[in-house]
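Data first, discussion second: the structure below is written as structure tokens.
Chain nomenclature is as follows: A, B, C and D, assigned in order of appearance, with residue numbering initiated at 1 for each chain independently.
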Amino acid sequence: MRPLRCAVVGLGRLGKWHAEHLIQMKDAEVVVVCDPFADRAKEMARELQVPYHETNASRVMQREDIDAVIIAASTGAHYALIQEALRYDKAVFVEKPLATTLEEAASIKATMATLPQSFLQVGFMRRFDPAYEVAKQHIAKGAIGEPKYYKGITRDPGSPPAEFIKNSGGIFLDLAIHDYDAARFLLGAEVNQVTSCGQTIIHDFMTEYGDIDQSMTFLTFDNGACADIEASRNAFYGYDIRGEIVGTEGTLMIGELAHHDVKLYTKKGATYDLVPGFPERFGSAYQRELAAFTEAVQNKQPSPVTVEDGLKALEIAYAATHSFKQQQSVRIESHVPF
Amino acid sequence: MRPLRCAVVGLGRLGKWHAEHLIQMKDAEVVVVCDPFADRAKEMARELQVPYHETNASRVMQREDIDAVIIAASTGAHYALIQEALRYDKAVFVEKPLATTLEEAASIKATMATLPQSFLQVGFMRRFDPAYEVAKQHIAKGAIGEPKYYKGITRDPGSPPAEFIKNSGGIFLDLAIHDYDAARFLLGAEVNQVTSCGQTIIHDFMTEYGDIDQSMTFLTFDNGACADIEASRNAFYGYDIRGEIVGTEGTLMIGELAHHDVKLYTKKGATYDLVPGFPERFGSAYQRELAAFTEAVQNKQPSPVTVEDGLKALEIAYAATHSFKQQQSVRIESHVPF
Amino acid sequence: MRPLRCAVVGLGRLGKWHAEHLIQMKDAEVVVVCDPFADRAKEMARELQVPYHETNASRVMQREDIDAVIIAASTGAHYALIQEALRYDKAVFVEKPLATTLEEAASIKATMATLPQSFLQVGFMRRFDPAYEVAKQHIAKGAIGEPKYYKGITRDPGSPPAEFIKNSGGIFLDLAIHDYDAARFLLGAEVNQVTSCGQTIIHDFMTEYGDIDQSMTFLTFDNGACADIEASRNAFYGYDIRGEIVGTEGTLMIGELAHHDVKLYTKKGATYDLVPGFPERFGSAYQRELAAFTEAVQNKQPSPVTVEDGLKALEIAYAATHSFKQQQSVRIESHVPF
Amino acid sequence: MRPLRCAVVGLGRLGKWHAEHLIQMKDAEVVVVCDPFADRAKEMARELQVPYHETNASRVMQREDIDAVIIAASTGAHYALIQEALRYDKAVFVEKPLATTLEEAASIKATMATLPQSFLQVGFMRRFDPAYEVAKQHIAKGAIGEPKYYKGITRDPGSPPAEFIKNSGGIFLDLAIHDYDAARFLLGAEVNQVTSCGQTIIHDFMTEYGDIDQSMTFLTFDNGACADIEASRNAFYGYDIRGEIVGTEGTLMIGELAHHDVKLYTKKGATYDLVPGFPERFGSAYQRELAAFTEAVQNKQPSPVTVEDGLKALEIAYAATHSFKQQQSVRIESHVPF
């Protein structure tokens, strides 16, 4: 089978990384890289030996030698890029969050409903992390009985810069959203109520932007399960991602923090290095989500992370943001205007 | 120095255990055991070789050969027993929670304010667990900078019987209270707001009593720190107690679940046993809290867990119960009528 | 039942510790402590509130108010003390090694054969460590199929002083002997060949006394199993005791080195304290071996660690010493002159 | 720079794996695959989209469009293939062991001495495993003071088939050799004496071929360090590779056996999967050794694992085999006839 011919739109850290991963795959190739900054696009094409580079995304979408578009542009640009890619029959891979507003997300969903062949995958890469995948398999085999509780911890090793925080949509939308998706994925149920709390405990500058660095979301699900999710910018010791699923007969735990398999013992005790950041923690997950994307598109299989998944996570994130601001629980239904 | 002459009042599981621990100590002796059930008191005296047994607590309090009273009766009886013990100048060790209501707790505090020599220690045994103690020492030495976040997990291996749940005061008062105290102890600050959530996910019978089996409390503190605390009856795999303290320069983790140091490797993978219950997890903490009690009383030192600690934890537990029922955050001040 | 009335002979570190453990037990009491240094005996009696103290062991043995003798004197004194204790019908607990020579050990065994009521337990405390005990239970239940290989690691945190090394009998007799016993205990078989190697890698002073600080013993057993045992004085990071038993269907691992359940995470990585020494590692094993001694003597049960066990371990240790010096394998039979 | 044009000779499991790894690398390409079995070569070329396939290795060596030869043929063929590859100026990567005899190995070394541009790398992939690499870096930085002891454990999950064992050269040459190299690599010293023991404890068929399934090698080094190395075919629970380096100020430990980061807790305890085999354990090491090979050849850097390393490991393995058969220690010098 011919390799999947891809365009990568948006050449920040993640865009570049996706391009590199695609290039290493047998079944995919990167035909064009695109970024509004001409120098960046040109340099990336040279460095990665990609044939074409481009500053105008519309021209990318119109190319006939392109099967798929990987969208890693800023969130504000997602909506227009997706709609245009869908119009030109490109398979779409889009970084999370799917869009800026629920209305945009619903509109994308509506567009796809009119295009039976359309394909969109949202970049919730944790679903492809070997640990989350094994956990899902354990649950499917009944290893913990009926899954009833999800506990998620996502601690970033410090805050992104103020410039990023300003446009990030806040901690629930930018950070906790990974665990909202993981909770839905592992519990196999939909959220019906969201309660969130939090405050700034270290990064005082965040209050200026209405954001916080420490948050807790409590979710209840339509099947009687519930979840608690801590999202934090305060793990000065490394990148700390943990997950648990409590079931009626057992519990699954994810969360190895050791960076590599070497321990040093001295008079001061044992020491070992901790996972420093997301590339080290989720490197293989990022590779595997693109391999799954390529395989699904090539074989006309359903998307492993659908527009619906992107929309649902966004709903929860907006409800959490609302709950935090209003200091009260939010029913999910009351917030879905479509 | 003469051993501390103790009476143990209330001979349920904990009362018996306290008696056994006191008997093993060089610096203490159990002079009398007391329980409303005459047979139980008599049998316990025989089994533990305690000289006297009694059904009437007032007669115990009046004995002149008693220095201290260990109160492990039902919570409803705490108030009257403490007041009587204080009146007769006995040092008091009382199981948590200190009392049934905040008014009772405040009244005990008021009584003690009038008795400069009075001594009361509340049974928050986690403070005497080696792990919590080492964590506290690390914090005092500045190992994590300024402590800013506490995360507590307390999962019981299943629910107590309905009979117990009925009079337990609910999960916040009965179970989460241990972590409320631990959070105050480790963060060194006072709670000013409480938000709690939860629901019954497994033990349906609890709804009949207005109780739940899965709860989350989010606390904010007067020094800008915060905390999240999961209390649950749903750890069917064992007794699962974990704690973390996140600081400005590092994080401390407590939570070993392995029951002993043996791993079995077979074709099915690695397996090891998990801590089954609180006696296995906190055995030494229970011993050490009584050793600390004995030492403090003998040497006229301040109580390591004061009436104030008992009162504060009760305040948080009541606020959490209120927050859960009203589905809104509760300021601590607004609930303290004294 | 009347508590077991004990005498402790030899009041060095272990002797004192044994006395303290006995005093804490309900079923035992220490009637007399004995040491050639009068001041030490007197001081110990005072400190531990023991009624009598003594410098002459023979007078201890002759006391009629003594049921059992705990021998923690120097190894050179074991033989005479055991023989005298047996003559006066005292139950004997003796620290390892049983005796200085195989001839002495055989002679003790012969004496006991003539005294059907005699009782002797050797202080191989690892058999009473919860981990070794659980491992033994796993094996008995068939969890690893047929046990076929034992791997032992015993690393002391540095060397004892030269004064001790001079009279210790060497690393095989003084240190590796614990694992010789553990291997017999866990594999349930007898050694028929011993090969040992080693050298001094750090403590150069040892060569003066013909001793080494790093040793390896390879054992083969009469049932086809084998074992390797590292004994070392070079664990500058703590007290490092590990054991494995490989079977036809699985493997058991013992060897937790974490001192307590607290991990500290900082920018420098994770750190935790390591077990510093044998009191922290084997505290409960020392308590439990005396509890087992007391129970067995009181109930006229067989000794849990017999004179035969003491003799066999000594045989292996002597064979290992011989093998190291001669640089060749040693058959056990060829070294047993009785 | 032009990618390194490679030929892979010998298309068994490792040969195929090497070819796949080279294909994924940007800096290398596989021009021809070669195997005496025509069908296998043809099929592999088709599957991996390699331009040429060949049954005659001499014709491969003579190709001018080949820069490097990866030799993964049977050990008996190594010598002739290496000599021919060197003659035609090909860079050589050869699987361990370097050759069948010390004479062959010495002859290869002599040939290379006459060819200043020649390049040969031996496939000791552990040196490229992240854990061994980090350990080496720790040692270089002085984290453990002076390295003084190496402890290696290599347990295969069962035995290869009899057909393989027959021609494997025995457990010391086939299996323990990885740890001989690792010990030299990590201690930075040369072996001067070898003592080995062992026996068949499970796979009885091995005795027919003079081989054993459980072995222990004790090494002493020219700088006063020593080492013990267990090589075994008896890890029925997985693939168990561990290493320790004890130094004058600390110890490094390698040996994570968990296959992935998921633990399952149930009433039966905690369970997790174990690393099943060498592909899972050393996948990245195999990739990284070829990346290092490619980089060194392209940049005319010295080989990271030289012919000398291959020769030294072989010397130790032969000495160990000899020691085992003669039941005595073997000085390394006495066995090197060149």
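Throughout what follows, a contact is a pair of C-beta atoms (placed from the backbone, for glycine too) under 8 Å apart; a residue touches a chain by one contact, two chains touch by 3 or more.
Here's who's who by UniProt: A, B, C, D = Gfo/Idh/MocA family oxidoreductase.
From a predicted model like this one, the values you see are computed outputs, not experimental measurements.
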item: Contact-richer chain pair (by C-beta pairs counted) among A-C and A-B; value: A-B
item: Distance-maximising chain from chain B - centres being C-alpha averages; value: D
item: For chain A paired with chain B, centre-to-centre distance based on mean C-alpha positions, whole Å; value: 42
item: Centroid spacing, where centroids are CA-atom means, of chain A and chain C in whole angstrom; value: 58
item: Residue list for chain C, restricted to those that touch at least two other chains; value: 236-237, 249-251, 258, 265-267, 273
item: Of all residues in chain D, those that touch chain A in their complex; value: 23-24, 130-131, 134-135, 138, 143-144, 249-256, 258, 260-267, 273
item: Chain B - residues contacting chain D, complex; value: 236-238, 257-259, 265-274
item: Partner chain A, residues of chain B touching it in the complex; value: 148-149, 151, 153, 155, 195, 197-199, 201-202, 214, 216, 218, 220, 224-226, 228, 230, 232, 234-237, 246, 248-251, 327-329
